[in-house]
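Right after this note come the structures.
You will see chain A twice below: alongside chain B first, and alongside chain C after that.
Let's look at the complex of A and B:
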């Protein structure tokens, strides 16, 4: 190929646009697709602490998934935690956003303060909350003692009825601000005159919310919920630093379980199968949700 | 009995006094236009009547009961907004039905009412569309439909035509006037456009800097303005003003020309002459040099200067020509104002 014909090939619009996106596609394939394929391959091999068998071993790890009660329990923990934390964050974030729509002195200062938890790394947040709820030295018990007027010694990360609430508090504390920010932005864009028109038309709070506010903030709200749901589904750091999944396996989520299988018990191939299960579930949820959003449009 | 009574309404935004001691009565069924330059407080006043704006002082009564402290929904008023404020996620039908649904009207009645409003406003074909699929004029009709389906005590219009193009505006103006005649309800209409005010109002309330300048039927304000501000505000092109000396029954212009036939006592006045008070007339006492001629078809506007004062005369299309022209003035229709206060002198 002569230099002339090469440059002519490059100048053909059909070719040139692919050349332009080629580097990005290459990077995505390298860091996205390759691990996924490697993961799939691994899940059909038999690699563990006791040895590495790289030959095809059938779907035995996938069959094992079905009989693994600890796996399903951890999945149930994850789903339940998501199902409780997400609405709490949503409602609290919405209420905060409503509050900040009013004229407040020093508003931008308070917005910045409220956003602080979200900026902190979840590991740091989890570690800090672990110290906060420490039964001996933690300020939470201390403050509760002042309020109660007697010594309170709640074993936050040991008592079975306290451990989930403790994690929930830390999680909600850290991520409500995110919901607040998204909803605040969405609510600020709701047309004031439409709200005034609804007032004059005599609409109740609920009717105004349902017919005017909710449809207006829906696209942003769905995206915010999707982001948070995915984050919650693969929650790891906060729980790991607070309880390491304990007591026992009580606060073990799917990510913590996968981590334990992969890096404590070194069942590499089985953990690959678990990872694939998670990817499968998340893909279903995302596709379903995005399709719903498309329909709403 | 007055339907709506405003008593000493005041509104401050911080230190800014937006509405100052405004009082007026509006009898049931009247079409009142609040008019004034932008920033005169007319929209604030309308929003205060709707309950969207809290007032700083004063009292409002509607059909004999005070509404000053009532929430908008409890005042039984309907309003058409400048931006239309249609609900974007509801169909035209549901937009119009919104206020009725909010008040728990039975479905059958809602259907009848919506069908009636759509018929009146000629939007029956669009009922199942969404606001974004409509043109500006159609949106305007939906906004009006949303107001008129409700059996309100007051119908408020906040510059409803200002977002329409000129042709559409003329058409809608006529329709709003017809609508008022058909419904027989009380309309309060805010505009900065003096043509809208003149054409629509049974009574004009002219505001300036948050205060009422003059209240009355359009022609009263036009022919007997209380002061130079009102005289200048109404009429297009606006009234000409020039400082003159009246001496022995003649108006002496600053350039020395004397126009006889003035009944005012001797003295210095601001003289107000509307452009249509000039006539091209070979025998006319005023000699003017027409600089610019703006034909509009039937009539033409001719510009001239008297000792540096810009004047405009509305003349017969063919009588308006460049250069020296003799004009006569309808002396008995011109107005005289106190040059210091601007008050009209009868």
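Let's look at the complex of A and C:
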């Protein structure tokens, strides 16, 4: 191509802008699309710890997914955990945000303190909570003993009725501040004049919330919920450090199961199929949620 | 204070090595000296050595690493990992072709998996080239014969005499009033239990008499460690893991049920929360004087006796209150589990295989290993008859001789960890079963599920393939008690 023809090509309408974004698109394809394609290819091969058959092996790993009861149990655990933890974090985050909307002495200091858990690595948070609930050395049982006035011996990561609550407490402790931060920012931007008008018109708290506050904070709230829902669906670190998925497989989530298959059992192709299942489910959820947001608008 | 390597100490060690020329050997120098001489050609390189995180790597960091560098010019870079991730990381490095490690610490039960996957370098050629076979033969037979080879090929140098020991308190067991009361109640003398039935009776008796100040015992119940106790006791109870003909799991037999029921029953008289206890909880409770008996790995016996007191690396260990009263015995049944252990291997992806072998050989040699097993902070336990007999070691604390005698006895009667193709997956099924057991599930249901999981694994791996590996393992003298 001569300099003139290159110049003519660049002068065509629309070409230059594509050239500008081309490097970014290339990078996205490289780090996003390539691994996805590689994952898809691997899921149709037969690679494990003891051998690698790179030829096309059909959809046998996808067929196996359907008969893998442990996989579906772990998926159920994940969905239920997400369904319970997300509303708790949302409500607590909202209540905290409401509290901090008021004029409070030392507000900035307390906001900073509340946000601290979110900057801790989840694996550190999980390890810390494991120590907190330790029967022998942990302060949780000691504090409960003082309150109860007798020895409290709760085996938080052993007893079946306590193990999920223990994980839930750690998760909510760490990520409610994120919800608080997002909702605090959203609530700060609610039109004060509308709120005052509603008050003058005698609107109830519920009506004000439903007709003015909720629509105003909805876009931020949906994004915050989406981020947290995706995180909760992929939860690994906190549960891994607290229970490693036990007792038995009682707290095994889809990420922990996939990790076990991929990096403890080295069933690489099957774990790729599991990863694709997760990607498929998450894509459905995200598309559905984004469409809902569009409809709301 | 950490064990600091001084030039004088280094000279003393190398001089000792130089003096101890192997009698009758074809090589004039000791194995340690030969390794050093041969390794000098690699001066300037760095060897990446893979170790279990925690105290284990203090040996190459503080002692062998600096000494090796001084002697050969080869640097040692220690890479650590939690024990339960070592297999994963070794395999990841191998499958990824990263060449991340040169020298590997390998759990012997995982050696067949790693060797068959091609992650380990066969060592026979190196062993012969550097004349190390004689010194390998002087490793205690139970480790040498079982933790070194896969299908007649050497893949690792047995380097750690892990074995379970029963620790108990003489002041309680030899208290005249307690002894008389116990005899009146049970009709036999109070002594270290030789059966699990006695263990239960003695433990219950001490708990009844002394709790909550002192409980009868505290045992491993965290599934990762409890698995070893289950494997040991199951076999002492007469259990077999598989039917050798069909390869169907028989872990859910009467012996399995007795074992699990016994373990659950003991929890009732052990300290509250024992279901969560692992290595740290057991030894800290024993050192604090909270329990009268404990079964654990050898370092507990050293630390409880006060060995290493004042060592900086051991500052986290609680002050021992039982230094003068600790006594040692084989666990009930007299067939202790050779739980875990380590062999030194060379990664097949290493770019410096010969240098890696030479470092492993040097560390593992008679002279250097004797120094290493005496490091107060390191977790390497005696694994050569010369270690058990060492006058230097036997004088480290008043009951050190008794301690070493028990380790030696354990090394003769100890039982191997189950080793199969993809053993980690079988272990995982057992670990999950144990965690369900502590959560209150029915022992028979737990065992049935473990057996079903094992059968499914065997079917997936291939019955015939697994039968050969199991038959090989089961034919070893230390696989089953009889």
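Here is the rule we use: the second predicted complex is superposed on the first by the 283 of 297 C-alpha atoms of A that agree within 3 Å, B and C clash if a C-alpha of one lies under 4 Å from a C-alpha of the other, contacts with A are read in each partner's own complex, and residues count from 1 in each chain.
Definition applied: a residue touches a chain if its C-beta (ideal position, glycine included) is under 8 Å from a C-beta of that chain, and two chains touch if they have at least 3 such contacts.
Note that the structure is a prediction, hence the values are computed from the model and not measured.
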First (chain B), second (chain C), both or neither touched by A:215: first
Which of chain B and chain C A:157 touches, first, second, both or neither: second
Greater chain A contact set [chain C / chain B]: C
Contacts of A:260 with chain B and chain C, given as first, second, both or neither: second
Partner chain in contact with A:250 - chain B first, chain C second, else both or neither: second
Partner chain(s) touched by A:121 [first = chain B, second = chain C, both, neither]: neither
Partner chain(s) touched by A:283 [first = chain B, second = chain C, both, neither]: neither
Partner chain in contact with A:188 - chain B first, chain C second, else both or neither: neither
Footprint overlap on chain A, comparing chain B with chain C: none
In the complex, chain B residues that touch chain A: 50-52, 71-73, 77-79, 81-83, 85-90, 98-99, 101-103, 146, 150
Chain C residues touching chain A - in the complex, by the definition given at the top: 87-88, 91-92, 95, 113, 116-117, 223, 271-273, 275-277, 281, 285, 421-422, 424-425, 428, 431-433, 435-436, 438-441
Chain A to chain B touching residues, read off their complex: 191, 193-194, 196-204, 207, 211-212, 215-216
Residues of chain A that touch chain C when the two form their complex: 49-50, 134-136, 151, 153, 155, 157-160, 163, 246-250, 260, 263-266, 268
